[in-house]
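To keep things simple, chains are lettered A, B and C as they appear, and every chain counts its residues starting from 1.
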Amino acid sequence: MMATKNAQAYEAVNKTYEWGFHSDIEQDFAPKGLSEDTVRFISAKKGEPQWMLDWRLKAFRLWQTLESPDWAKLNLEPIDYQDAFYYAEPKPKPKLGSLDEVDPEILRVYEKLGIPIAEQKMLAGVEELGEDGQPKRRVAVDAVFDSVSVATTFRKELEAAGVIFRSISEAIKEYPELVRKWLGRVVPMTDNYFATLNAAVFSDGTFVYIPEGVRCPMELSTYFRINAENTGQFERTLIVADKGSYVSYLEGCTAPMRDENQLHAAVVELVALDDAEIKYSTVQNWYPGDENGKGGIYNFVTKRALCQGKNSKVSWTQVETGSAITWKYPSCVLNGENSVGEFYSVAVTNNRQQADTGTKMIHNGKGSRSTIVSKGISAGRSDNTYRGLVRVAPGAEGVRNFTQCDSLLLGDQCGAHTVPYIEVRNPSAQIEHEATTSKISDDQMFYAMQRGLDSESAVALIVNGFAKEVLQQLPMEFAVEAQKLLGISLEGSVG
Amino acid sequence: MLKITDLHAEIDGKEILKGLSLQVNAGEVHAIMGPNGAGKSTLGYVLGGRPGYEVTSGSVEFDGQNLLEMEPHERAAAGLFLGFQYPVEIPGVSNVQFLREALNAQRKGRDEKPLSGAEFLKLARAQADALSMDQDMLKRPVNVGFSGGEKKRNEMVQMGIVDPKLAILDETDSGLDIDALRIVGEGINRIMRKSDKTVILITHYERLLSYVAPDFVHVLSAGRIIRSGGPELAAELEREGYAGVVA
Amino acid sequence: MNLLAVPTRRDETWHYSNLEAVASVWPVQTEVIDVPAGTSIARVIVQDAATDTVAIRDYRVILREGATATFHVLNTGGSFGRVAIDVTCHSGAHFELGGAMLGTGEQTLEIVTTLNHIEPNATSNQVVRTALGGRATGSYLGKVAVARHAQKTDASQSVKAMLLSRTATANAKPELEIYADDVKCAHGATVGELDANALFYLASRGIAPAQAKVMLLGAFIGSVFDGIDDPAERARVEAAAQAALERLL
């Protein structure tokens, strides 16, 4: 039921792009541009401890010496980092424990986004019962509105289970030891241009800690939303799953219409210790720009998981339909013996969108296994690239990898590219990689239409079939809306 | 129900139908027979509205509407069903999903309310049972990994589910063994042998006609109907071959 | 003559190269082979340079309308041995590659191909088999680029590598760059080791382990050289491959 409502809401949100909307909440802006002062402003604004400021400043100084990477198959104008705001927060409210205390303007935006339809009752503490009399499956939401978390639900129940689910700003203050121990461990501040930038100016994000042996009692979810004009958004997410724990995390995003390009450079770090499992699902449908490529989000994301413990497992599932530019490689460093990494991806590009996305599976642990399933769908005049690395270290005995990369082209003005790197230094590894390129055949279209579907429905249906292996990995909450999204994203691509 | 008048159609500039005329009424079963290359499948595709098949002149009226002006899915919603000689595979899309979306799209086109998942499943299961098709096949991707006979049977299940007014069945008998032929034949009679429905059987051979008795038989040759008659014409063709009749 | 600057790690087609070795022989000669419309050529390249040398073979092949080129490559010599083939396919052209890399010791070997399908209806087929022992590195970098409007392109790559020692490295990068929708482009790449069951089976029939490995590797390299028309040429390449295999084990 919730899934359906969410799906409707998503649909509404997507339709809304036709007109665009943005709310006018009084913003507290950092001064425009990027300097040490900006970094200090952000840190001070958040009341951070000295170590955090030092860390940020170190990153900023490093960043100034770096060059923007140019290896991805992306065609974009240089970004003027001085022409953006690096911090904006909604007008602060003293304490945001309940729905009533949240700025009504924010709630109105959430409503447009579809969040409250599913979540309002939860925020209000109303528990819906399913047919079996048991509480329905629930999702806890840590909503990031622009840059600052404004409402976190279910905190108490999570706390009872020992789960820490906080905005990262709160966590830095409340759990400094835990944050300090893992922040930058998976994605060091030196990692890459955008990760370094994020380390310097990250505004907010989510921190999750699942203690030993705990199965997180609900799906955790963060909705991202970019709201202020010309404001870069720099999320930082850190999830630590202690021994034998399990968590499923959902990430979904949307943004209102804009003329200027908006920069987004998030960092997501996952840590899975012995026998722990993290399932991380993303549906990304930020504003992709108009059909001429005007506007749209620039999305430079560094996502990486450290499968540190034996038998640990991290599964990335992503449905990428939005953004003008997507630069994103959710990866797994498989250090643990018999650890498992998975990457399931659907990337849709239409009009002038450009996506360069894929994964890295770094096999250091004995018996580690990975599966990569990538489904790229290109339409319009877009470019869609899978870029992946499978690396097997000399000491990693018995590694297995299976990779399947399929591209679907809709029309002859788009591009579909596959760039896999395979690097094997252990003879016992079994690595398999397959790639195909296809289009929707005229036969398929006519067959579906003869049975009564119009051309857009037929395309949506066939594309969903093409992407099925990935979509079925999504938690129920996301699966339905993701299916609709694929169809919506490809509207106007045929006929 | 369907009135085809002096229909000319071509593919890639090559004329295949050269002045075909045919009228079929509700409650009738027509068989169109003819040698290879006569234009039998082309007729089915043109009536279904397949892109690439260009009608250069003539008219087709379906239930008082100009069929040629309609999109393929609009023709489907109007009640036209084309049974494919080679049903198409759609990987990843289950039969159930495909048919439910298709049926509900057709119903929407007719201003009928959509069937719920449960209602649809009940209908689909009944049709699958009636055609002795394994229920599991409803869950499998459309035609993927089906044998030739299974694909044809699946076409009949689909026909049973969408319940069309007019079915044009292109070589539905090919690839069927004798038992399957009987089941399919019975299916056609059960679903379509009604006073308000019409069937056009496009076939090479007489064998399907012993299960679905036609009221009229037409011989299509070089893009035109060159002879029409009753069921006895099929027997004559079987006896003497097309060469004798066409000559 | 390739007049470009000495390549660096940032140059994708030199990503896994021994750059010092490259610099020592730079610039390298590029042999240009322009195949007229409707004609075909066949080339057999046996790169078996002495192990202390650097051997770079660089080819640029232009296949005019309907032309065909068949390349068979055995890349097994030199401390750094590279065979690079850049192919441009015009309408209806066909390119065929059967390649084997057999390396051991400290060798770095690579086969690098770029298939530019610039017009419709051209086809290409590449089969590369690699076996590596010692501390050798073997890399296949193959890019298939299909230009806009080069419809009906049919391009396939089959890449398999086998590591025979714990210190060898196999790299593969089968790359697709597709700008046309009505194409058939597929690639498959595997890396693995000799089938232990098969080795045991052969041993149980009395075949010594080393011999069994040669047999299995012979089968693995297998059909790569089957398409060589000239029997004498084919015998020569197969003998060289056999010798290289025995050196490997």
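Methods note: contacts are C-beta pairs under 8 Å (C-beta built on N, C-alpha and C of every residue); 3 or more make two chains touch, one makes a residue touch a chain.
Predicted model, so just to flag it, every value in this text is computed and none were measured.
For subunit C, the chain with the farthest CA centroid is B. Chain A has the Cα centre that lies closest to the mean of all protein Cα atoms in view.
In whole angstrom, the spacing between the mean C-alpha positions of subunit A and subunit C is 39.
Inter-chain spacing, taken between the CA centroids of subunit A and subunit B, is 48 Å. With centres defined as mean CA coordinates, subunit C is found 52 Å away from subunit B. Within the complex formed with subunit B, the subunit A residues making contact are 441-455, 457-458, 461-462, 464-469. Taken in their complex, subunit B has these residues touching subunit A: 48-52, 71-73, 75-77, 81-82, 84, 87-93, 97-99, 101-103, 105-106, 109, 141, 158, 162. Contact residues of subunit A toward subunit C in the complex are 71, 392, 394, 407, 409-439. Against subunit A, the residues of subunit C that register as touching in their complex are 10, 148-149, 151, 161-193.
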